[in-house]
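Working notes, beginning with the structure itself.
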Amino acid sequence: MEVFLAQLINGLAVGSMYALVVTGFNLLLLVSGVVQYAYAHIVVIGMYAAWVVLRATGDNLLLGIPAAVLCSTVMSILTEPLFRPLVKKRAINQTFVMSIGIAMILTHIMAKHIHDGMPVGFPESLSDQAAVVQFGIAAVSKGQFYTFFGTIIAVCAFLYLLYRTMTGRAFRAMAQSPFVARLLGIPITKMGLLSYGIAGLLGGVTAVFLAVTMGSAYPALGDSLGIKVIATVLFAGLGNLKGGLICGLILGIAEGLTVGYLPGQWSNAVAFGMIMIVVMVKPEGIFGIRV
Amino acid sequence: MALPVLNYFIFCIIFILLSWAVYLPYRCGQLYLAPIYCMCAGAYFGAYAVTAWDWPVALAILASTFVGALFAFFPAIGLRKAPGFATAIASMALIFILQTVIMNLKFVGGSAGYFGIPPMDYPLITSLTVLVIAGIIIYRVDHSRLGRAAELLFYGREEVGCFGVNIAWVGMILQVLSGGLSGAAGALFAFTVGSVFPAAFGFSFLLIIFPIVFIGGNFTMWGAVFFAPILWGIPLILPEAIAEWKDVIFGTLLICILIFRPEGVVSKQVVRSIGIGIQLLVRINKEH
Amino acid sequence: MAKNSQVLLKVTELSVSYGFVSALRNASIELFEGEFVTLIGANGAGKSTLLEAILGVHHPDSGRVFFQGEDITDRPTDRIVAMGIALCPEGRGILPMMSVLENLQLGAFHCRDFIQEGLHRVSELFPILWKRKEQVAGTLSGGEQQMLSIGRALMASPSLLMLDEPSLGLAPLIVNEVFRIIGGLADDRHTILLAEQNVKKTLQYAERGYVFETGKIVLKGSARELMQNEAVIEAYLGGRGGD
């Protein structure tokens, strides 16, 4: 029972991060029609940025954390002009291929030019394994606590932006009908840039929490995370924000539980098997496409 | 022929086959990533058939083609009508599922892989034969009603039904053909490398195929033919210092091509111009 | 309309093509403040293209657009809308998955300080719509959607209100209602440019009109002149001996 609880808590923390990443991903998909496979890589590069700054400043968290957020935000905005010609044509397939190109470059940078491609570790002060609550031998660490509630706050802030502000309304208008959005006088390019910025911001926040939960980063993490994001989005339905949130959580919990209970590498197969069935039976995803 | 050069040519052929396998469904607007999955199936089947059942190599390659097609057929039941991008993710899932399944199958070596696959007797001739047969099939498909139907689908998936195009049929055939090509490629791979292991047939394979298809030319089969040797070969002959940057160069090329020339270098215009040029040359020669 | 009113909109020799297809050729129109002018013609005659080109949606091959004396030909759409031009596009152009209220709020994207005033005005003009302000816009009837489209355009207090085929797909009774409202807006000194296939209806309310045929303006004049013009009667008003 305690193992179950420990796995569940871990799963919730991880799941909340998946939910956050998927949300940022969906934002780009909805507003600009861009499938940014390299979004996960931008998150991981944010982690690396934090590591570089932490190493340079002697583990100064006040500098390291903003470094991650800033790096991801800037990187995301930098990719906007690359996607712009494809966005104009609404060529989703090509945005995916382009994002693979970007991912190749980012992975290369991490694998060859930072720390010789070896995993980078984050200081204890960040991951803070000190326990907050105990369930017998299972415990919720401060890090997991921060992660779970931090991501909840981030998601809530984002949803507030999307549903209660004019900017958010403009985003949703662009998602539903780019033509009508244009007629309403919404500055498409500026809003597009803003969406990349906000997605990058969310990514940076995720990077911080990932650093907290995982304690380390490595170059292949980009691909690993990217594939999970894409798989979750497919499962939930392309562009479906609410679906993405829920399925991100489910994925995290499922991972946490299967790692504990299923032998070998079956957890991956289970996840992908579920996805395959969904695709065959309901290609729009469980909650339906919203693009 | 020196072994490295031989391997280079055979790998070019493998990459061309795989690029064609991605090219075919892309003709009707589906980004189809299952070639890697079918290749894995074909490779393992061919390897096992020759080592455990003592099949002759040629038969194994033929069988692998069918195995690849079969592995493509079942998912195609659901995927043939899927909108362009959903196909990409779903077929990507196939890659990982098969990888994971094989990693847990002890009788083909599990994660460690399957070794001791004998090489082909006449590697170059065998591979070239496979390539030429595949090329002819693709050429015929491209210039048939199916090819034209696919092109219509590419430009307007929803409107096309009124032209009498059966979306399900087109999608199915293209995906199954793609599977067959990949199965054959997988068998060639197995017999050339001598061993197969799950990690080889992963997502990273796409990082070579995508540049070939999208930089080379995604609206004609000839793009892959020219660019597979170029993109595969150039990093091999460049000095180490530059070759190290291969990923960055490929990534940058991919991004630039998509922005400036999305149809790829070898576009239909280019093929047509070359075709006309060749006809002119032949005519000039005849007159002498 | 008093002749010493200001020229609000002036389009000179505007030509627009989509690729190789010419949609609009050498179109010239003029609009004075407070006028109600209509563009009439069949489907595909170029009316929508003109309205969209004014808004900067299409880049013209040649010709110029002047608004309030300024050359707005190459300005981006969002700047033009901010200057005070609003378009109710063909098919209403409402956002189906957002509520009525949100659609209205988006109408005030460029003048957020005056949202409350705008909403108040809409609630007075379209009380039935206002009652349904939380309803998802996609579930409204065609007529209600048209009201929403007009209400949304009014949220920004536009200097120029353009409408593209507001009667499209609506039952005759609803069309009457829609035109009654548009007529009321005209009486309220709004400047209106309306493109319509329902020539009979629009000539009852408009002051002047331009007749479009395959991308060119073939006729222009006051509404009365057009209603009595033989060619117009023949082509659009049911011919001699019709109603």
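Just so it is clear, A, B and C label the chains in written order, and each chain counts residues from 1 on its own.
The criterion applied here is as follows: contacts are C-beta pairs under 8 Å (C-beta built on N, C-alpha and C of every residue); 3 or more make two chains touch, one makes a residue touch a chain.
Nothing here was measured: the structure is a model prediction, and the numbers come from that model.
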Where chain A and chain C overlap in contact partners, by chain label: none
Centre-most chain, if every chain is reduced to its averaged C-alpha atoms: A
Identity of the chain that, by mean CA position, is farthest from chain A: C
Chain centre separation (chain A, chain C; CA means) in Å: 44
For chain A paired with chain B, centre-to-centre distance based on mean C-alpha positions, whole Å: 31
Chain B and chain C: spacing of chain centres that average the CA atoms, whole Å: 53
Contact set on chain A toward chain C in their complex: 166, 169-170, 172-173, 176-177, 179-180, 182-188, 190
For the chain B and chain A complex, residues of the former touching the latter: 26, 29, 31, 75, 77-79, 81-86, 88-90, 92-94, 96-97, 100-101, 103-104, 111, 203-204, 206-207, 210-211, 214, 244-245, 247-248, 250-255, 258-259, 262
Interfacial residue positions of chain C with respect to chain A in the complex: 55, 57, 76-78, 80-82, 87, 89, 93-98, 102, 105-107, 109-110, 112, 152, 156
Of chain A, residues touching chain B in the complex: 35, 82, 85-86, 91-94, 96-98, 100-105, 107-109, 112, 223, 227, 230-231, 233-234, 238, 264-266, 268-269, 272-273, 275-276, 279-281, 283-284
